Structures are given as C-alpha cells and as structure tokens.
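Please read the structure below before turning to the comments.
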Amino acid sequence: MRQFLLARGNSAFADRGFHWLMVLCAMSIFVIVALIVWQLVLRSQLTWEKFGIAFFYQSFANPETHLPMYWDPVNARFSALPFIYGTLVSSFLALLIAVPLAVGLAIFLTEMCPGFLRGPLAFFSELLAAIPSIIYGLWAMYALVPVLREYVDPPLIHWLGWTGLFNDENPTGLGYFAAGVILSVMILPIISSLTREVMSAVPNSQREAALALGATRWEMIRVGVLRNARVGIVGGIILGLGRALGETMAVTMVIGNTPEIHRSLFSNGTSMAAVIANEFTEAVNNVHLSALIEIGLALFIVTIIVNAVAQLLVWAVTRGTASQAH
Amino acid sequence: MGVGIEVGNLNAWYGTNHTLQDINLHIPANHATALIGPSGCGKSTFVRCLNRMHETNPIARVSGTVRIGELDIYHDATPVEIRRRVGMVFQRPNPFPTMSIYDNVAAGLKLNGYSNRRSLDDIVERSLKDSALWDEVKDDLKKKSGASLSGGQQQRLCIARALAVDPEVLLMDEPASALDPVSTSKIEDLIFELKTQYTIVIVTHNMQQAARVAEKTGFFLNGRMVEFDSTHKIFTNPSDKRTEDYITGRFG
Amino acid sequence: MREDHFRFRSRMRALTDGAVTVLAILATVVVVTPLVAIFAYLVIKGARSLNLSFFTQIPKPEGESGGGMANAIVGSGILLAVASVLGIPIGIGGGIFLAEFGRGTKLANVVRFTADVLNGVPSIVMGLAIYALIVFPKGTFFPFMGHFSALSGGVALGIMMIPTVCRTTEEMLLMVPHAVREAALGLGVPNWRSVLSITVRTASPGIITGCMLAFARVAGETAPLLFTALGNPFMSTSLNQPIEALPLQIYVFANGPYEDQHRLAWAGSLVLIALIVLAVSLVRWVTSRGVLKGAS
C-alpha cells in the first residue's frame, strides 16, 4: 500500500486552498460589518446634512399647543430627543430593578443554594434568556400591563406621586414603567449568569480567609467574593444595559409609542428601536426614512461602545483569575 | 524494509533558542538506535526533525540536511510525503477519540483516500498482529473506540496505526514512559521484532531500556550529540567523560 | 460596656446575615415567577387553539373565525433554512480560522472583536441594514434585490447566526488536545484533511450545539424580518417574494383588533416557546454528556 500513498501527491494545492477558504470566511465577517456601517451612514445622509448634530437634541414649536414637538414627518421636521430619552429611561429603570435581583440570584446560586436546586435553577435562568422578545412583549401587553394598571401603579401614584415621577391622567398601564419592568425581566438572566461566572472565578482561598477571620456568611460574600468580583459584575451589568438599549419588540408593545417627553414614568413614551419598528414601512417621505436610519445608526454606535466596554471588564476579571478558579 | 538515515550539520531553533547544534550522524538501516540524554537536551527535537514535525510549530526553524535513504527530506519532498514514509509513536498514547479500533489503525490510509475494503481488512489485521494487539481486540474491532483501551493497549494501537502505513522508519519518542512495567516490557519485545523490518529510532530516558533494545546509542547533551557508538561500548566503556557521568548517574 | 457593645454588634451581624439570606431567596423566587407565569399564561391562552387547522390552514380574512398559521410555520422554516445555509458555514469557517490558522495572531484578535461587534448589533438595526443593502436598491439586474423577499429575511437571520457559531466553534476546537492533531499530521495526513476529519470531527458535538443555539436564537427573532421578509398572508415558498414567519405573524396578530387573531397569536407563541425549550434542553443534554467523549 505504500505505492498507493506514494502516488497520492503532496496536496499542497488543497492545503493552500483550504487555508484561503477559511480566511475568506473570517474576512467575510469584516465585510458584513463594513457593509452595515456603510449603508447606515449612506442612507442617513439626508437628515445629517439637513440638521447636523442638532438632530439629537432639537425641538420644534407646535403652533397650536405651544408645547415642544419633536417628530413631524409631514413637515419633515425630526428630532431624536424623545427616543433617546425613552431608551435611556426604560433601560435604566430596567437596570434599577434587575441588578439587585440578578445579583441576589447569583449570590444564592453560587454561595447558598443546596446542590439539588442548582441545576434546575440554572436551567430556568437559561430558559428565561432564550425566550424570544416577541413572547415577552405579548405577555407584557396582555398579562403584565393589566396587573400593573390595577395593582402596582395606583399605590405608586398614591405614595410616590409627589416626586412627579408617578402621575397618570389616563391610566392605561402602558408607558416607560411597563417597558422598564419587562426589560428588567429580559436582562436579568444575562446579568445573573455573568455575575455567577465572575463569582465562581474567585478562588476559594478568599472565602476561607474571610471565614477564618470570623465573618458571617454575608460578610464573607461581601468581602471575600463580591469585592474581588465587582469589576466583572459591573461588566455584566453593562452587558445587560447593552441588551436593553437595543431591545425592540417587547418595548414597542408596551411603551405607548408616543414621540413626546414626559416626566412621569406612567406616561406613554417611545424608544429608538420602537420608532424604527413602528414607522419604517410606512415612512412618509425620504427625510422620514433617513431620520429613522440615522436613529438606527446612533443606536448601533452606542450599542457597540457599551458592549465593548462590558466585554473588556468581564474579560479582565475572568481571564486573569481563570487559572485560580476552583 | 528499512533504510538508513544520514544527518548532516543539522541545526534547529525554537524562536531564538538554538535547540540543536551541528548534529552529524548515521543511523543504520534495520537496527534500533536509542537516543539518551537528560531532560531538555534536544533528543525529542532531533527526532521530530526526522519527520518534519518540528516545523509544525510556527516559531521553529531548521538548517542542514537529513537524508532518508536517497531522499533529502528537506529539499526533495514535502512534509506530508515524508511523514508517510517516517512513522511516529508519541510519548502519550493518542488514538483518535471518535474512531473505532479498526478506523484508528486504518486512519493513515483512509484519510488519504484509500478505500479498498478487503485490502484494508488485511492491513488492519496484519498491523495489529505486528503490534501484538490482535488477540486482545480482534472481536471488538469496530465496536470499541480507540480511547476505551488501557494505556498499554492504546500505545500498541498507536504503533499499529503507524505500521499500517508501511513506513521505512519508525520514530518512537519515549513510547513507554507513560506506561506500567508490564506494558513497557511488551513494547520492548515489540521493538525487538520490528527492527528486522523497519529502522527504529527510539528516544528514551531509561538507560536500561536503551541497553535492552538498541544496537546503537547516541548521547545528547545541551543540544549537541556528544557520543554515538554501539550500545555496548557506550554503557561499558564510553569515550567521553560527560557520557560516563551521565550513565553513572552523576547528573540527569 | 465593651461586652454590651460586642453583643450588640454580634446581634446586628447575625440579623444582617439572616436578612440577606432571606433577600437572596426572595430574589430567586422573583426570578422563577415570570418564567412560570409566562408559561402558564401561554398554555392557558394558547393550548385550546392548537388543533390540526392551526398547522394546516392559512389565516382567514380579517373578521372571519378559524384558520391557522401554516404559512407562518412554513415561512419560518424556509427563512431558517436560508439563514443556516449562510450562517453556519461562514461561522464554522471563521471558527476554524481562529482556532487552526490564526491562533495568537493579531488578525485573529481583530476577527474575534469584529464578530463580537456583529453579535451586539441590535436586531432592528440588522433589519435596517439588510433593507438598505438588498430590498431598497432598485433597477439592479440581481434577481433578489429591489423588493421585499424571503431571501433578504434569511440573509438577515443568517448574519445574526454567524457570531454565535463562530465563537462556539473556536472554543470547541481549542479544546481538542494537541496530541490528537499531532497524531494525524504524523501519519502524513494533509493539513486540510486533518483539520476536517480529525479536529473538527472530534469537536463536532460541541460545534453542533453552537449551531443549535444560534438557530434557536434567530428562530424567535421578529425585528429583522419587519422590513425584509415583510410578511405574507398567503402560503408562499418562493425566495423572491415576501414571506410570513411565526414571530412576525404573532406580532401582527397580537397588535390587531380581532379576537380570533389574538387566539392564533397565543397558539403560535406556545409553539414557538415549545421549540425554544426543546432546543435549550437538547443543548444542555448534549453538553452534559461531555463534549469530547474520551478525548482527553
């Protein structure tokens, strides 16, 4: 059989071809991202030339009501301010709700959980992360919003209305608050699983050192684990923020889709992703289209930056301590 | 049938590390040649230069000539072609984990496109017999995976796999160092049988093993070949003091 | 005095410890509740609409009762097929490049970073980009451009699959022990054959897991399809026409005024979530059996 092998040749051609094919695949990832950026920039030129940077903060006067107006497709006057406001408000509200819960869950799973519960709970967390956005939106719209409207909003209005954040002339249950709540459910698994990861990467010797000094369990967690893992936890939180910023379907179904800015969390609002989803296929004119694409471009850039920062933080913690993981 | 190996002015580098310096020697055909020396002396690197495995490391470099039979392996052939003529058995047994015993032995042929069923059956049987594994696995050839065997059996499987390709030279890099004494002696018996058909180069840190199986022995130290002579002479009356120090256990 | 202080501090610490334990348990309950609530709601609302006609009929005109989501199910299948054909090979190829050819090089780091960037692109923005690239340009001679189409939707979903597949493939390939690669090369097997038949094959359970994860993720995506596949009330299998998809149909029906459509939306959601649960469970089962059986 050596004859057979001798006749096989050296396959240098096939090896080189294979190498270049793999390089091609890797390069196509570049090309795709480049194409996306190119198209977003190209198609938003119209509004960029028309409004410049003011697109992101200007407001127009509505002659009839004398209230600020931001989104006027018919007259081709556009400002991204209400969408930026809505995105930020709903996302930060989501973080406010999700972070304590996610960290609490992570603490429970890594430090306190009895062995038999750990697997199923981790599985549930994975399931939560895998549920599509549309199903969250559907559930939020039909199950969550009525519950908020009947049981959660009234007490909040009653007790915290003096802050100006909880007023509602026309209670529908929709608005920034509802969006924040459903977003918090959606980003909770991400924050929790990353927190768990960085907590697990803290070596046991840290925990033992704290206990040896007479710490209670919570003190051990606080000093021995959380303090070491906090950079990574912040990274996980920022990653959750990144997800919340770009979330579309669930938000658009409960936020009310009104391009206005109000202080009350119960008023209808909008978000960058929501307005694109709602108005794109029925855009009135080219400027309208361009405005929506420019919002998309802004969302793209912000999400990249946020995700990059998050990756850096998480990487810094898990890479450095991976060798010490227990 | 085995062929002789002629090494001329072989130098090897790992990055800036000059691992082998000016190696010259002649390895006789159809003999077993042992290479001994302390850890890090370059004997593994040397052997990996003989089948061009050294250059799979991106920072590795080689200069000099190695002739296997008539063939200058660095200038007249490609690595792939060379490795079909020079087989290798590694320190830790490494059967292919997803393949059965049969597929493991036949891998060198099947992965190169050989598909004649009956012929493969014969080749697999002969290789397993040559590596003294046939009787233990002949009923489970296609049912058991290569990884389910014991350590000693896995190594004999790797030997069978290397033999199936019918190489002219068989390189063995400390083949028994990860095995128990019973498996080790089985492997050594094998080498005795195989050297009549192949040229064998065996790297070992076990001097008794070298004395048992090899006709010629080379002593490596710090990247140089200090002495190369018949095994008997190396172990009873070495010419170089460094060799004597090593074999009497003064270092290494 | 000092003893009193000490006793007080101890009590406070014990109380804090207890309080935190309670809070942690509470947090866990709060997390499990939405999951259970969502499932329960879907089952209650959707189960009774899950009959044969759901899977075999297309939606009836507005206002009429009955009908199903057959066109959406078929549409999703076609979109996912296109997505897989695009996303899986490029993703695996990228992963092979990162693990086998580019390991440690600067180029590999840049590729990995770019894949992470691609992963972070919000799905709605992906829809925008594909709209601009494929759906918008008029007057080209390319057959699939210039209009809404199943192909554009499939492309959008396929691109979204790439980063997940690429990352998982790289991770799994890096786990294959070096000794296995050396064994293949030592036999005189050409590098391309060694990578494919030995390394990739050894890592294949893990790679398949990555593909399943990516598949499950894009199966539920709605936003990228809004301006690419667009939706289609009729059964269509053409790549060159708008096509319906399960999540898309659910969105439209849920927002509409008709009770019948709402029922179908619930049923569709139940089907979708059942698929997702199946995929996640399968992935977990495969990874728990050991990604590399007997490799190390």
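So that you can tell them apart, the chains are marked A, B and C in the order they are listed, and the count of residues begins at 1 in each.
Definition applied: a contact is a pair of C-beta atoms (placed from the backbone, for glycine too) under 8 Å apart; a residue touches a chain by one contact, two chains touch by 3 or more.
The structure displayed is predicted, hence computed values, not measured ones.
Relative to the centroid of every protein C-alpha atom displayed, which chain's own C-alpha centroid is closest?
C
Taking each chain's centre as the mean of its CA atoms, which one is most distant from subunit C?
Relative to subunit C, the chain whose C-alpha centre sits farthest away is B.
Considering A-C alongside B-C, which chain pair is linked by more C-beta pairs in contact?
Per the contact counts, A-C leads.
Once you find the CA centre of subunit A and the CA centre of subunit B, what distance in Å lies between them?
Inter-chain centre distance comes to 56 Å.
With centres defined as the mean C-alpha position, give me the subunit B-subunit C separation in Å.
48
Could you tell me the distance, in whole angstrom, between the mean C-alpha positions of subunit A and subunit C?
Each chain reduced to its C-alpha mean, subunit A and subunit C end up 16 Å apart.
By residue number and range, which residues of subunit B touch two or more other chains?
80-81, 84-85, 112, 165 - these are the residues of subunit B that touch more than one other chain.
Give me the residues of subunit C that touch two or more other chains.
Residue numbers touching two or more other chains: 188, 190-191, 193.
Could you pull out the residues of subunit A that touch at least 2 other chains?
Each of 5, 10-11 in subunit A touches at least two other chains.
Show which residues of subunit A lie in contact with subunit C when the two form their complex.
Going through subunit A, the ones touching subunit C are 5, 10-11, 14-15, 17-19, 21-26, 28-30, 32-33, 35-36, 39-40, 42-43, 100-105, 107-109, 112, 121, 123-128, 130-139, 141-143, 185, 188, 192, 216-219, 221, 242, 245-249, 253, 273, 276-277, 280-281, 292-293, 296-297, 299-300, 303-304, 306-308, 311.
Where on subunit B is subunit C touching in the complex?
For this pair, the touching residues of subunit B are 51, 53, 56, 80-85, 87-88, 90, 92, 94-98, 107-108, 111-112, 145, 147-148, 158, 161-162, 165.
Which residues of subunit C touch subunit A in the complex?
So the residues of subunit C touching subunit A come out as 13-14, 16-17, 20-21, 23-28, 30-32, 34-35, 37-38, 41-42, 45, 89-94, 96-98, 100-102, 107, 111, 114-126, 128-129, 131-133, 136, 159, 162-163, 166, 188, 190-193, 195-196, 216-217, 219-223, 226-227, 230, 247, 250-251, 254-255, 265-266, 269, 272-273, 276-277, 279-280, 284.
Spell out the part of subunit A that touches subunit B in their complex, as residue ranges.
Contacts found on subunit A: 1-2, 4-6, 8, 10-12.
Which of the residues in subunit C come into contact with subunit B in the complex?
177, 179-180, 182-191, 193-194, 197-198, 201-202, 204, 292-295
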